[in-house]
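One structure below.
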């Protein structure tokens, strides 16, 4: 390739690449938004109903790989614990903070999800 | 194939198929009956001696797949529990019903076997 | 091959084989000795520091295959237990024998290592 | 504006290569069908362990058919290749055609093409049987070996369906593969179909697994229609316990007899029995557990997605598929009827000691069909527990349909 | 002394076949490099699950290159063969060359040659994505779909690096493979490289996994340089909970859209989403667990050692590798910058509701990059917890780089 | 009566294809032998993890030899094919022979043919070594490196048996494969035999695993005959603890040295050491667990059944097998003697600090041989615990026989 060809190929790949990636992901953004809105309109209470159900499954999936979790530094665990707190805690003044603490399914599910996602792979 | 060929092929496959399947399984029926009888003559007490031994193995094999069992509807569990009861219970008036209950190896083995077989695969 | 060729091939394989195997393993002997000495000079206390850490890992690796351990005859378990005792016990008069018993990480690690090695494969 | 044109060309090229252009309406119909199957698998829990992978494989292949593409060799002029690679030569085979030298450049196949080889070469079904053997308790069958007869009678559906398929115009091999749906046993159906009529693998697998999930709906009306209230109320005698030695000898004897008499059934029956021997021997817990868990799960994933991926729109959406689906229903129905009627015969010869409802379990569809026997029996007499009695014909049905598979491969293969 | 001479010959033969004679200095340099990588993997815990197998594969191939050798056919005169086997004939193919008959005796390849086929044929990366999908929670992305934009913006590094590579003299395909390092996603990088420029697999894989491990060192300075203290202190609103139905539909919708629009991304995205569907469906726990544990672990071992084994001294020790390592660093840096700058844009358009620090997580490098966002945010405001907000762009970055991979394969492949 | 005749023909055809007709008496003898091996595996627990699969593979192949059949291509006249398929054309390769056009229709091979490729191509043994490495504690060897010498001396049996085999008329390659039985290490024996003399795989594998199980019977008389009561009573000094760093460096150093000096030993030793590095590094628990559990179990199943399946009656029932079984016993005996005698030498040079009984553990047969040393020692002195001291030579014997394997492949291969 001569210099001109290089410039041309560069610009085409840059442009096409960014445009396609953005178009695709913007498209997905709107789609996800759309179907989420529809679902929440149809099942307004499903969001709370279903999550506790999922808890044992998430916990179970999480149990068989303790060796990996063993490798997570304490610092990270602290960060995660804090994050869980933050998610519920920032509005803790308004909401029924004690009842949250009583919902073990919910918070342990979130915890498991967090740990799963923060597993180093 | 013309119509006659179809008729012929149909009858041959139907006849051969059913005959071979029946001959084979009848043969197996008599073989199993025969060797069972021989074994029970030689080791008249083995039937009770060996089963409790197998219990922990059966239980163990059953432990690692709790996710599947989680999918068994309560109705089925009730049915199975009832079936276990039935196997020992129909003649419960005659036999030492309390001692049965004391043999945990036996009944848990049966239970595990049942659950294993009723696992949906 | 005629007889002479057989004799010749035999001697060559016997000689070469034994010489190479011995040279290789003697070489390894000195290498292992050497780097062990270097490491123990540099980190004189590492030998005790690191071992308790490894304990949970060894135990964990050992947990998922209980079915195999179940097959180890009691005699072997006795032998192993005795061996563990022997390793610490022969000099038990001199060392702080009670503190040893308090170090569960250490002895359970050894135990797990022993069992792992004596697993029949 | 040269760059702009090139950019437009490039985007156009991507669009032209996209599924929107290359896929036709059939693919979209299949995408919708796979959506329905995913719904049934998740919401209705119809055999989800296989239906979910099958449905997703069907989805992917209709979105992107190249995922099943076989590897190919493309020819490129050596001079062109060198121009594109800065003059470097490559390590490909060369051919000379009309004084021109070409490189033969191998192109890799699609992901599912490679995973599918395990289906095509008949490797996955026996390995799944290994796992099933390791999780099956043949105790009820050993305790009551007459159950074998019910497991034989319930194979009636296979052979009657064969006749139906022949008269609908299918070839002999295709009819055999369609008939095996009546075996109510997924791996057996896939094994036979991959040998006799791989072109029908998609519809046959979908029909087999769907009807297995629908057993609780298909069987009860037939069972009730063919039995009297009195027969359905029969309480059966308790099964005797089975010793460890009997359990260990069972898989060996079944293997020897079936393999000697009907070699074509050997891979399926042999692996089923090897798994069972692992289980019953009690000395190889390690490999018994792996056979029934990880190995089986891995193969289930590969088998499911690739079997689903045989159902491309152009193949699946045909009159044949509809015929196969109807024939499959007949196969299950005739099998059920065969089992129940033979159960009536055994009831009669045993002077009322056998409840004919356990006959329907002989189709296999383990353990669903045995549960159906239990449930229908309990409807008449809530204190009647047929489950263990139905497990005998149920597991015998697995052996029965493997034997029927051997017969079909032997006659038609 | 005949025996003695023969013995000396024999030992000499072994010595001549030993690595001391056949290996050159480059191999020893590579052995040292693999030692450093093993140190980093174990002591510094830099992505040890892949770096340790990669390093050991690199070690073995430089000690014993034949471990990657392709199978070959050797020719032996039939008469010679028979002389060596007591006159027995063999079952090999025969050729006649110039009135002499030869056996074509197949020689087996090296161990890693066979294991490497899973890389070469593009089988391992999608299967690893299956496992990753089964362990990924897309909840934060569904709760805040705008995260997709950050996952798109952070792919900037891929395309800018492509340009750099082009101007350093790499071919288009090679430049695409180098660019994908910026995707910060191991399986994607390996998948693209094995399709576009397999000759660069070693350095690209090493660079990709090394930089993924170095994310906590590479990203913070860039993040701080591009944001103000005020921006870094922004506390984001709590994410809404996501219902099970939304979670189940997500993988299906993403698969359909991405596969239709960009077929070349289908194997990666499709498998990622199948794994996630296994997870979210809740009905196939068995295969979901196996996909994310045993299957993934087995493939991780095979992928790691064989990718490492592509890094022989003569291939790895070149100016190209140094260039790739520099370009890889640029790719990560530009990706991080792209994400952060787009985060600033979203901060501005949302009137300060979005903390731009979560943008850097869009490069993927799951979950390291999200933790970095959390940590940098907490340095400004110890009570600010960005982790869950950064998980959205983080998992979106996986999809984003798979889409970018599809674009590169489509344009350049 | 046309139908009747056809039915009789069909049943006759099935009978003629059955094992009763095609198998000869040798197959039945093998079936009986496999029954004995199954009995030994289950009742006597002789290495059941491998002996049970081996025995069942032997059973299946003698019931149904086609289970090991290689894939073949059959030729069918295109016109015949079309007549049988309603005029449809097929996608098979075509050849024209004498103006007739034929389809080349590929026939799939038997199940075990495909699974056996992992043995034939040398893939399974190194992968089993990976798992063994992950479960082996080399601590006792690092604590007392002189154990290496005992692991070397106990390989004597390999080379003396080679001589015996040569003089019984085996070829050089065959003699090498027979000698390696003395390595007392299953995967090594299978690896060497599959390279040097695949035709002897069945008897060699059966001999190797049988004698490994019989170590507690074979070794004690030899050990007692060669040692004095005083020597057997020697109490050895406690082993020093080994640091983590020493444990991590050990596999790397052994790999480098062995692979450089003797490349042919690299696949076995390299994988063994990679597994051990997984274990000792402590940072890759996931893949270490999978390597020693699921991966090893899956491969154990495949290796076992297919190695057993090489033992067809016509191959196994020969004078050669009897010779191999006798030579195998000699190999174990000479190996034991070599280890014990060298132990006596070390006892003498160390002024009575080394108990020569630990020398016999150098044959490997991990961990059985070490237990035998322990037990024989305890018979003299119930308070003497040699197990840990014997583990050093024991694990060193694994490395020793892998090195011996490398020598044999290098000289004879």
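Order as written gives the chain letters A, B, C, D, E and F; numbering starts at 1 within each chain.
What we mean here is this: a residue touches a chain if its C-beta (ideal position, glycine included) is under 8 Å from a C-beta of that chain, and two chains touch if they have at least 3 such contacts.
From a predicted model like this one, the values you see are computed outputs, not experimental measurements.
*Asks:* In terms of touching chains, how many steps apart are chain A and chain E, taking the shortest path?
*Replies:* 1
*Asks:* Sort the other chains by how far their Cα centres are from that of chain F and give me the top one.
*Replies:* Farthest from chain F by mean C-alpha position: A.
*Asks:* Looking at D-E and B-D, which pair shares more C-beta contacts?
*Replies:* B-D is joined by more C-beta pairs in contact.
*Asks:* Sort the other chains by how far their Cα centres are from that of chain D and give me the top one.
*Replies:* Farthest chain from chain D, going by C-alpha centroids: C.
*Asks:* Which integer distance in Å separates the CA centroid of chain B from that of chain E?
*Replies:* Those two chain centres are 48 Å apart.
*Asks:* Express in whole angstrom the distance between the two chain centres, defined as the mean CA positions of chain B and chain F.
*Replies:* Roughly 36 Å, centre to centre.
*Asks:* On a C-alpha centroid basis, what's the spacing between chain C and chain F, in Å?
*Replies:* Whole-Å distance between the two chain centres: 22.
*Asks:* Specify, in ascending order, the residues of chain C that touch 2 or more different other chains.
*Replies:* In chain C, residues 12, 16, 20, 57, 60, 65-67, 70-71 touch at least two other chains, as defined above.
*Asks:* Listing for chain F: what residues touch at least two other chains?
*Replies:* Residues 10, 14, 45, 49, 261-262, 282-283, 285-286, 289, 293-294, 407, 411 of chain F touch two or more partner chains.
*Asks:* Looking at the complex, which residues from chain A come into contact with chain D?
*Replies:* Within the complex, chain A touches chain D at residues 8, 11-12, 15-16, 19-20.
*Asks:* Over in the complex, which chain D residues touch chain E? Could you list them?
*Replies:* Residues in contact with chain E: 10, 13-14, 17-20, 22-23, 31, 35, 38, 41-42, 45, 48-49, 52-53, 56, 59-60, 63-64, 66-67, 71, 84-86, 108-111, 114-115, 293-294, 297-298, 300-301, 305.
*Asks:* For the complex, give me every residue of chain F touching chain B.
*Replies:* 2-3, 6-7, 10-11, 14
*Asks:* Touching residues of chain E toward chain A in the complex: what are they?
*Replies:* 45, 47, 49, 132, 135-137, 139, 141-142, 145-146, 148-149, 151-153, 155-156, 158-160, 162-163, 166-167, 172, 176, 235, 238-246, 249-250, 253-254, 257-258, 261-262, 279, 282, 285, 288-289, 292-293, 366-368, 370-371, 374-375, 378, 383-385, 387-388, 391, 394-396, 399-400, 403-404, 407-408, 411-412
*Asks:* Within the complex, which stretch of chain C touches chain F?
*Replies:* Counting only chain C, the residues touching chain F are 1, 6, 9-10, 12-14, 16-18, 20-22, 24-33, 35-36, 39-40, 43, 46-51, 53-54, 57, 60-61, 64-65, 71, 76, 79-80, 82-83, 85-88, 90-91, 113-114, 116-121.
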